[in-house]
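We just call them A, B and C in the order they show up, numbering each chain from 1.
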Amino acid sequence: MQLNRFEIQARVGVSPFVRGITPILALASSLAITTLIMVYLNVDVRAAYGLLIYGAVGNMTSFSETMLKASTLLAIAVGLSVAFRANFYNIGADGQFIMGGIGATWMALTFPYVSPVLLIPSMVVVGVAFGGLYALVPGILKAYFNVNEIIVTILTNYVATYFLEYLLYYSWRSPGAQFPQTDIISKNAQLPNLLLGTRLHAGVILSFLLALVFYFLLWRTRSGYNIRVVGYNVRAARYSGISIAKTVILTSLLTGGMSGLAGMMEVSGIQHFLLIGFSGSSLAGYGYLAIVVALLAKMNPLYCIPAALGFAGLLNGAQFMEQGGISIGIINFLEALTILTLLVFQFLVDYRVVVR
Amino acid sequence: MIYLAYEAVTYLVSATIVFATPLLLSAMGEVISERAGIINLGLEGIMLLGSFVSFTVVYFTGNLILGLVGGIIIGALLGMIVAPLTITMMQDQILAGLGIFFAGIGITFFLYRAIFGFASVQPQVTGMTEIRIPVLADIPVIGDSLFSHTALTYLAIILIAGVFYLFKTPLGLRIIAAGENPYAAYVMGSNVNLVRYLSVITGSILASLSGGFIAIALVKIYSPTRMISGIGFIAIGLVYFGKWRPLRTALGCFFFGAMQAVDYYLQAIKVPLPPQFFNMLPYIFIIVVLAVASRHAEAPEFLGKPFKK
Amino acid sequence: MPHLKVEMQHIAKSFPQVQALAGVDFSLYEGEIHALLGENGAGKTTLMNILSGYFAPDEGQIAIDGSNIRFHSPRDAARRGISMVHQHFSLVRNLRVYENFLLSLGIREDYAHRNIKEEIMEFARKFGVSIIPEAYIWQLSAAEQQQIEILKALFQHASILILDEPTSVLTPQQVDPFFQTLLRLKKEDVSIVFISHKIDEVKRISDNVTVLSRGKKVWEGTASESKEKLVSYMFADYSPVSERKTLKPILPKTQRNNILQVTQLGALRDNGLPAFEEVSFDIGAGEILGIAGVAGNGQKELVESLTGLRKVAKGKITLQGLDITNVPVRTRLEKGLAFIPEDLATGVILDMRLYENSVMGYLEIGKFITRMGQLQVDRILSFAKDLVEQFNIKASSVRTEVKTLSGGNIQKMVVGRELKKDISLLIAVNPTHGLDAAATERIRSRLQDVSESGCAILLVSEDLDEIRELSTRIGVIHKGKIVDVVASDTPVETLGYMMTLGSKTGR
């Protein structure tokens, strides 16, 4: 409303520190609001938070689970950081994740007896390829057909989910299983375990390494430079000889590949078979959660590490809380609140309201 | 044979209109919103919440009107979150929309569990019944399919004309100006922010009603995960396809409705293909349609861009 | 005793980074034409934006017809009869003429019963102008759009009309009839504020003049003040300006070492209609070819075809012997093409740092990347530091984001960056647009330096004075064709005829 008493002015000289802590403020305030709601609903807040923290880092199991979730979120978020910086709003990470998992499973089911030294890297390659190629569809559509990638990527999520369902109910259905799922993949196809007694697998290291790699990519290579320029100002990119189409295609491959990799790691390292909702169900899918992680990390692959760890802790804690009787919808609600409060804080940091 | 054909035709015509209804409601609302310059990705979330609220109200009160009112209210409330964020606070519309999308999912699921618990049988209502238009519905063959629908469907059809004529009114002109060149509009004396607020909130209310329709008129059995499944995003896609023009967008909605009708029909007559195939088809269809239609997109100039004075 | 229509007192307004106005007074009498004179950036537009309700002042009062008012939006001002014709932004391009009129009439006015299109045509006819109400704004030329804007303002019974640089879209021939219109309005007691930086026009048409410089009011008086004095008021805060260099002789065609050859070139606009056709010209080393023309006659598309941002439909472009027609931008840059775009938004990424902006389009050519694609940040940093020093760019460090720099410094960076490259052809579009006199001077002499070192320059500018000053030859573009390429000392009237009518004489 143009309330005529108020004028909104841009602020000058905001320190980067203040800009930098908006994600933390956002997370903190959304937690605070959620807490308030819990209080209002007469939930035992102390117990709830106790469960939350215990579930996040309380014991070795919790801790390793947090690390696992973090690594999945991290891989996807790193890819999303690149995508969002190029203004390629990839909301389809979930679908690419699923395709990556499908690809890896296919490899595992087709070549179960090949040596792990060969099998696992090839699964990585196939997972990345499936994810990347799946993202190539919206990529090409955006680059050459001027189609809005947001709509397409979301739609491809649904397509991937149904495709997965089809595979699990028909072609790959494991005969002995109670629910639709594939056979358990062979030992050769499973990512090596890092810590006995936990599910921690070698892929975790890969995720963290890739975060560093992508940081380097964005700021120290020509491709990264191009990606950033295209994201900031398409006209300027064209003016300086950058091929927009090629950059968009590259971006879609990178982000799809990373999501696919995450899917592969989920199958090979954690689940060991493919099942419905292995991306966390469409309600709280990793692909969507990773968007929030990337946002909190301000689209910087390095900052994605703490953001992913924090968020993973929250997720784990929330699941633990669910066992204590608190609904899973909380996660989505928290997700939403985080984005919305982040926007509000960004506004407060960049502008001030003057009364006339 | 003729009887089968007759069955098919009556079914298809009727089903097309029914399936097109939620799309029409959401898409027409989004046309208004996007013409004013605001893309509302939260449509899906608003539809979810709208469907839930309408359903729950009808479930507990048995009163359809109240259910619709509930839908309107929740739509307006959600619109009043999106609007300040994108208009007054000039934040990224896509992120704000995603936030509402997630919020819709979260709150709906949470409330569903809270109210209905883990019931093994999904709750259902009798919902809305069709209203027959006297003389017209008696036309042989298609009369029944065309003129015997729920009130919301009639509303959706009227809405098409409504939005079309809206853009010829002074207010409509301001909506267009707000999306094409808000600075010029402002200089010419239009209260651009107010126009945008109204557009977004209207779009939200319509989306909420759309969700309500699905819950209490179409499906009547409540399932938090399987009911909306992307209809909100498809509606946005249809707006792009319709090049932001109400008539063309409506055409797209009917096409899609027809597609869904055919989809269900083929499943019903047991065409030997896995159900997932049918499920995937609508989404693939939209993607293809967009690929073809987006080449020469004539989006409102300032769609997605905040108006900074 | 003429009636004091507007009185603005102690107006102050500041924006992030910049104090646009400080303690400015301004008064306007009924029926006068009052010029607001000053250099770019002096604050003239800001002051009038405040009067027309677009901004609210930080300090100060405004009185209309004696009573203090406070405007909260342009609509408030319009209700008081104040209308401003901006340089840009004020018409909705995708709507028709009559729809733009409707928009400005206000939402509550009941015009359902009025035949608006008829009314508008009638109204325009009274001013000797014929308009097509159903035409879309984008179909009209800049001068026609300005006409519509003025008509629209008058249609709303504007009693105070503010015109921001109105002659910038007019050719020399169109200025006279335009001034006649203003005098007519004056007779009908319309008070006019005429914002300009052109002293000659100001002296011709206005009754009184207020001079602003760097946000302060420097002088106010009648337009009969001498030109020299007015200039001195405008530049009161400026340091003396360097001497202009003399024009170079034109080499006959055979002696020219042609760097750029354009043969029968044609391309289309975005809407499919031809933008320009059968364009041919050459530019040799050491030459500056100025393209003069009213905005919208195809220059923009011509430049885009040369730089690679637009596909060519017909004809050929040769750069240093290499056919670059429709070749990607990259290849042209590699062949030594440099480009100063008309707006900063195209040439610069505000959110990126200075050093990253300094090598835009130059990464491979300048060897700032390794074989593997890695950026050599150290080399880029030192390149940027050189750039800052050479062109006197005021920036706290090469690592700051470009958006923290002032417009003038950003322009200097863009110009400097292009000039530092190893270039054979420089295409400069409005290179000194919006800059103050000192920066303008510096850039113009730099352009001459570069030209002297053997580079060919294509200069496209809306500032006819700039073209006449810098070019060795002038090509005039009119309705997509090059009327002719003439010597730079061709009289202004001739250039004007060529720009408006497409021929050298008045016919």
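Just so we're on the same page, contacts are C-beta pairs under 8 Å (C-beta built on N, C-alpha and C of every residue); 3 or more make two chains touch, one makes a residue touch a chain.
Just so you know, these numbers come straight off a predicted model, no measurement behind them.
A.B. asks: For this assembly, give the contact graph shape among line, ring, star, complete and other.
C.D. replies: Drawn as a graph, the chains make a fully connected set, so complete.
A.B. asks: Where are there more C-beta contacts: B-C or A-B?
C.D. replies: A-B
A.B. asks: Let me have the rounded angstrom distance from the C-alpha centre of chain A over to the C-alpha centre of chain C, please.
C.D. replies: So the centroids are 46 Å from each other.
A.B. asks: Calculate how many whole Å lie between the centre of chain B and the centre of chain C, each centre taken as the average of the chain's C-alpha atoms.
C.D. replies: Result: the chain centres lie 45 Å from each other.
A.B. asks: Nearest whole angstrom, what separates the Cα centre of chain A from the Cα centre of chain B?
C.D. replies: About 28 Å, centre to centre.
A.B. asks: Where in chain C do residues touch two or more other chains at once?
C.D. replies: 73
A.B. asks: Please list all residues of chain B that touch 2 or more other chains.
C.D. replies: Within chain B, the residues that touch at least two other chains are 191, 309.
A.B. asks: Pull out every residue in chain A that's touching 2 or more other chains.
C.D. replies: Counting only residues that touch two or more other chains, chain A contributes 2.
A.B. asks: Where on chain B is chain C touching in the complex?
C.D. replies: Chain B reaches chain C through residues 170-171, 173-174, 176-177, 180-181, 183-191, 301, 309.
A.B. asks: Within their complex, state which residues of chain B touch chain A.
C.D. replies: 41, 45, 81, 85, 88-92, 94-96, 98-114, 191-194, 197, 225, 229-230, 233-234, 236-237, 240, 274, 276-277, 279-280, 283-284, 286-287, 290-291, 294-295, 297, 309
A.B. asks: Across the complex, what residues on chain A touch chain B?
C.D. replies: Counting only chain A, the residues touching chain B are 1-2, 8, 89, 91, 137, 141, 145-148, 150-152, 154-156, 158-159, 162-163, 165-166, 169-170, 281-283, 288, 291-292, 295, 327-337, 339-340, 342-344, 346-347, 351.
A.B. asks: Considering the complex alone, what residue numbers of chain C touch chain A?
C.D. replies: For chain C paired with chain A, touching residues are 15-17, 56, 70, 72-73, 307-309, 328-330, 332-333, 339, 341, 345-352, 356, 360-363, 369, 372-375, 377.
A.B. asks: Taking the complex as given, what residues does chain A use to touch chain C?
C.D. replies: Residue list for chain A touching chain C: 2, 4, 7, 9-12, 219-223, 225, 228-229, 232-233, 235-236, 238-241, 243, 356.
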